[in-house]
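Provided herewith is a single structure, encoded as structure tokens, for subsequent inquiry.
Letters A, B, C and D mark the chains as written, and numbering starts fresh at 1 in each.
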Amino acid sequence: MSEESDERSKFIKAYTAMVLSRTLDKKIMSAQRQGRVGFYTPTMGQEALQIGASMALESDDLIYGYYRDVPLMLHRGVPMENIINQIMGNSADEAKGRQMPSHYTAKAFHFMSVQSPVATNLPLAAGAAYAMVYQKKKSVVLTTFGDGSTSTPDFHAAMNLAGVFNLPVIFLCENNGWAISLPVEKQTKVEIWTKAEAYGIRGIRVNGNNFVETYNAVLEAVKRAREGKGATLIDAISFRMGPHSTSDDPTKYRSETVEEGSEKDPLVVTENILKGKKYIDDKMIDGIKTKAQKLVDDKFNECEKIKPPEPMTAFTDVYKNMTWMLKEEVEDIL
Amino acid sequence: MSEESDERSKFIKAYTAMVLSRTLDKKIMSAQRQGRVGFYTPTMGQEALQIGASMALESDDLIYGYYRDVPLMLHRGVPMENIINQIMGNSADEAKGRQMPSHYTAKAFHFMSVQSPVATNLPLAAGAAYAMVYQKKKSVVLTTFGDGSTSTPDFHAAMNLAGVFNLPVIFLCENNGWAISLPVEKQTKVEIWTKAEAYGIRGIRVNGNNFVETYNAVLEAVKRAREGKGATLIDAISFRMGPHSTSDDPTKYRSETVEEGSEKDPLVVTENILKGKKYIDDKMIDGIKTKAQKLVDDKFNECEKIKPPEPMTAFTDVYKNMTWMLKEEVEDIL
Amino acid sequence: MTEMNMVQALNSTLDLLMSKDSSVVLLGEDIGKDGGVFRVTDGLQAKYGPERVIDTPLVELGIVGMAIGMAVNGMKPIAEIQFQDFIYTAMDQIINQMAKIRYRSGGDYTVPMVLRTPYGGGIKGGLYHSQSGETYFAHTAGLTVVTPSNPYDAKGLLLSSMQLGDPVIFLEPKRLYRSIKNDVPDGEYTVPIGEAKKIREGNSISIITYGSMVPTVLSTVEKNNVDAEIIDLRTLLPMDLNAIMDTVKKTGRVMIVHEAPRTLGMGAEISAIISERAIDSLLGPILRVTGPDSPFPYRMEDYYLPNEKRIMKAVNKLMTFG
Amino acid sequence: MTEMNMVQALNSTLDLLMSKDSSVVLLGEDIGKDGGVFRVTDGLQAKYGPERVIDTPLVELGIVGMAIGMAVNGMKPIAEIQFQDFIYTAMDQIINQMAKIRYRSGGDYTVPMVLRTPYGGGIKGGLYHSQSGETYFAHTAGLTVVTPSNPYDAKGLLLSSMQLGDPVIFLEPKRLYRSIKNDVPDGEYTVPIGEAKKIREGNSISIITYGSMVPTVLSTVEKNNVDAEIIDLRTLLPMDLNAIMDTVKKTGRVMIVHEAPRTLGMGAEISAIISERAIDSLLGPILRVTGPDSPFPYRMEDYYLPNEKRIMKAVNKLMTFG
């Protein structure tokens, strides 16, 4: 395959994942308003940077992600059912319906299960990276988090550990400008990429709405990490097009937003890039969108029919072997 | 008083406090070896930077210090008995014999009681600074900690809060090069003063063995803080001349040390500065040292005679009013 | 008197406290413009300004640590942790600073502050938005721990907490935020710290509970016509010893209901207090109906929370014991 | 068989584990060249190198978080927290990550690791070098909590912990580090997790204890010729229900001794377990001899720790009850 057609297929794959993700996002948001889904943290606005990042990874690289990483997962090949089943918390959910929506797990894709306390995945990513080096594996670790998460203890700990132990981690800050209602300017006085210097690791800023730019930045970071040159903090500037979550009312604190379909929408940015390269035209776009809509609708309907988990699954996997207390308690409950 | 004689008396006061502190330090160390004291973290090597800092403060500025701040306390005017009584944990101890040695409290001097978990005083210092601004007081807050403490969650939290809220805090890192057995090079990849940038606050490095340099740096930081220009991180480079504590055996991990009386000893550095300015001569030095030795010996002997706290004091001040549980427990104990 | 829910009661009490005393400030994540994710601080930043209703960066230990520093220096901060599940990042500040400053400074320094946080399940929050971690606080000497079960107590306990002079962990059962309305007096009053409330007289059995489980226990008892005395503890540290002893001696049959996990939940301490000093009065075992010793599940949360069925099973076991 | 103290037993067990399995690594503050402030890791960095005996920066949550990340990825880390008092800065990693990963990932990811830490008083450590915080861990589903009271058990429990496949909080009673010697087998053996040990037969009274208080209880009982059965729990989560029930049914008189504060200490749970299911067997109250509900004092530490006098007071109260 020629280099150009190689790029073309990569880019189309990226765009397709982006459309799929956007379509799914909107589907879940509307299903939530209809009471068919309990909760959700939309990803609209952050698609390009995530997919750019995913493009730069090998399939055995590890991901310690966060609750907005649907585009990344889809691009990586995680089946859409995995995501929908998690959101439904049904019996087909990889994590057995235990976690709140948006807390994904996809072990086959080396996507670690997501926790709620923000940035607490970062020290784990450092440990995972240590393990890769120790085991002489070539895998690197990508870990994602928001701008607000840079204020946490765990960010500080992980960045310093990555510096001191020269670990193959890519810290991808999905800087959407907000931590719920707090704008990033009130979160910290400086630009986030500059924080890398405090730990002796490399820091860069990219336009996160441009998947190519993000891809190149992450690729470079991955290369360095694999070569033993240590960690990189990537400050990928994007924006949160939607509310923080389905429980959030952004009109309380925020006036400007980015409209879907506007020039700033990363999907439009991506379309323009692909059109500029003549990789795609309006007809193809329509085709991709129509296909995506059908896929999402079908999958959603399928997954919605899956029955809830057995009650018992609420109480297994606490340990390898259930404690006598829990056995007793479960007997009382069921 | 002329400017010169003003400086002279300030410098002599500084030197006198330094000698006093060194003398006391050695007294306690030897008393510990004799079993007359339970534990101690010596301050040898960090006198100049602490006294330089103290010189720059007003009496109503607040101090959120750490377990090595004896020179600072002595210079500030905290009676030596306060320190010795704390170390003895006797009935005259301001904190009633409750804390391990080296955990001082001196409320009249706005010296907050010292905790053990390192750097956890820093967020309190940020809160104290917020209170000063809020109450329209002119006081600033000085908080001290070691180089190792910069890796903690609390350092990160406090620095960022100080940046975001533009707080009048001076973060004085008493960089003695070691955190018990870990050299600062393994603690973090960068020079500590550069970490200030990650929070949008001012960072500087000073030679902490030179009290004049430290004084000037802290003075400037205090001035800025009082003028509403925010916080400063001062990386005061010094060294730990002694062991980490009386429980520590530095021969396990460390080869070079700074000998007492060598050119690098901050006491000698200070003598040379004062001699250079003709503020002091060998005879005066002898006089100051002799007086210090007598004072330390006398105070130590006096304090050693003070009886231990009443057992009951182990259990008061948990709350304003003792809980019924504790009353019951104390009855059983006593 | 105004009829209000717990969110309204808390909101108006914060307003009252701030209007009376300028040393009262609020701090936390999203408490300003946003008014808090549960709207407890709604409108207060607009009224009192960003210096008094402080939106902090995302760092719980910073929120707690800053509040301590304020409290030590003449202010009366009320800090919010958005969900109790996220409080553990501030645990060292709570256990080693907040709880120990009065003691370790020989009484020189005190920490008059309130740390509010919503806790408990029933809102489909899964593992990380449903925890009932009261044990972690109630085991920590130096703290005072309260939890209201209704709007009236919420206001009264908050006003008392602010007068205490020591740090208070104020646990708000988020499931009851909007589900119960009370007549709440407009002015000041207190619900004394350390005093439980007998919310139902009864002779055959004593049910000791608190916070989020109070309505469940009450409705179960009424629906099933159980002759039960119900004690709402309201303060978890220190507990009301007399209230517990009185009811135990009266009925001789005791059960405890809470949604926190059983092992070392509050029920353990209540049980131990009783069998230490009133073993003679007991006509049966001391039973606990609690959350199980597992994390909190999302989809199956109804199985986690104590319910009528489980409470009645215990009631029946106790009543037929012997 | 070699006679050794607990520090030696732990040190040689770590050596054994590392020599057998290259996925075993140690991490913590000052554990390398310095050999740990209590010398438990002495000599191991020299033997296995700095990649396997890792001196970390001063950040407990980083130590725990990194260890979790390693454990999830095929390694078997043994992390050290220098003093249990400092573990609270890592509490969120412990409660919300370490304890919940198996559950929240549907069993996909597991955390086979050991978190060692010295705890307890008796070394003149004051507020911050003496705490017994076992409740904070034993209340947390997903964790396993063990504490040895002698060198033999220390080795056996550490070997078992490493085979468990789930995270273990390994609490080392620092007061006993060097004060007791045992014959310790040179090779591998296990002390099963969840099994208590009856360390003395007796008929009149049962004393349940663990860790640091075991020698005090034993010597008190022997010195005073009490016909007491003594149970050393060894595992605090999950406790050995059968061992507790057997002794309660045998003697009918129970007391619990630990140095952690009384309120919600382990004694509360033990007491509750008993009065839930063996109230009929009891001939008296269930008594607790524990540390008081206060921080740990420096100069007056002898007043804090349970001692012969207090244990005998409770024994006598129990024996004369009725």
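Convention: contacts are C-beta pairs under 8 Å (C-beta built on N, C-alpha and C of every residue); 3 or more make two chains touch, one makes a residue touch a chain.
For clarity, every value in this text was computed on a predicted model and none was experimentally measured.
Identification of common neighbours of chain B and chain C yields A, D. Centroid to centroid, with C-alpha atoms defining each point, chain A and chain B lie 46 Å apart. One finds 36 Å separating the Cα centroids of chain A and chain C.
As a whole-number value, the distance joining the C-alpha centres of chain A and chain D reads 40 Å.
Shared contact sites, meaning residues of chain C that touch two or more other chains, fall at 57, 59, 61-62, 85-86, 88-89, 92, 96, 100, 103-104, 127-128, 141-142, 237, 263, 292-295. Touching two or more other chains at once are residues 98-99, 103, 115-117, 120, 151, 153-154, 156-157, 160, 164, 186-188, 318, 323, 325-326 of chain A.
If each chain is drawn as a node and touching chains are joined, the picture has every node linked to every other. By the touch criterion given at the top, residues 61, 85-86, 88-89, 91-92, 94-96, 99-100, 103-104, 127-128, 135-136, 138-139, 141-142, 237, 261, 263-269, 271-272, 274-277, 279, 282, 284-288, 292-295 of chain D touch chain C in their complex. Chain A makes touch with chain D in their complex at residues 62, 64, 93-96, 98-99, 103, 105, 107, 112-113, 115-117, 120, 122-132, 134-135, 153-154, 156-158, 160-161, 164-165, 316-320, 323-326. Chain A contributes residues 151, 153-157, 160, 163-164, 186-190, 194-195, 197-201 to its touches with chain B in the complex.
Listed in rising order, the residues of chain D touching chain A in the complex are 25, 51, 54, 56-57, 59, 61-62, 64-75, 77, 89, 92-93, 96-97, 100-110, 141-142, 144, 164-166, 237-238, 241. Those residues of chain B that touch chain D in the shared complex are 38-39, 88-90, 97-101, 103, 115-118, 120, 148-149, 151-154, 179-182, 186-188, 247-248, 252-253, 308-309, 311, 313-315, 318, 323, 325-326, 329-330, 332-334.
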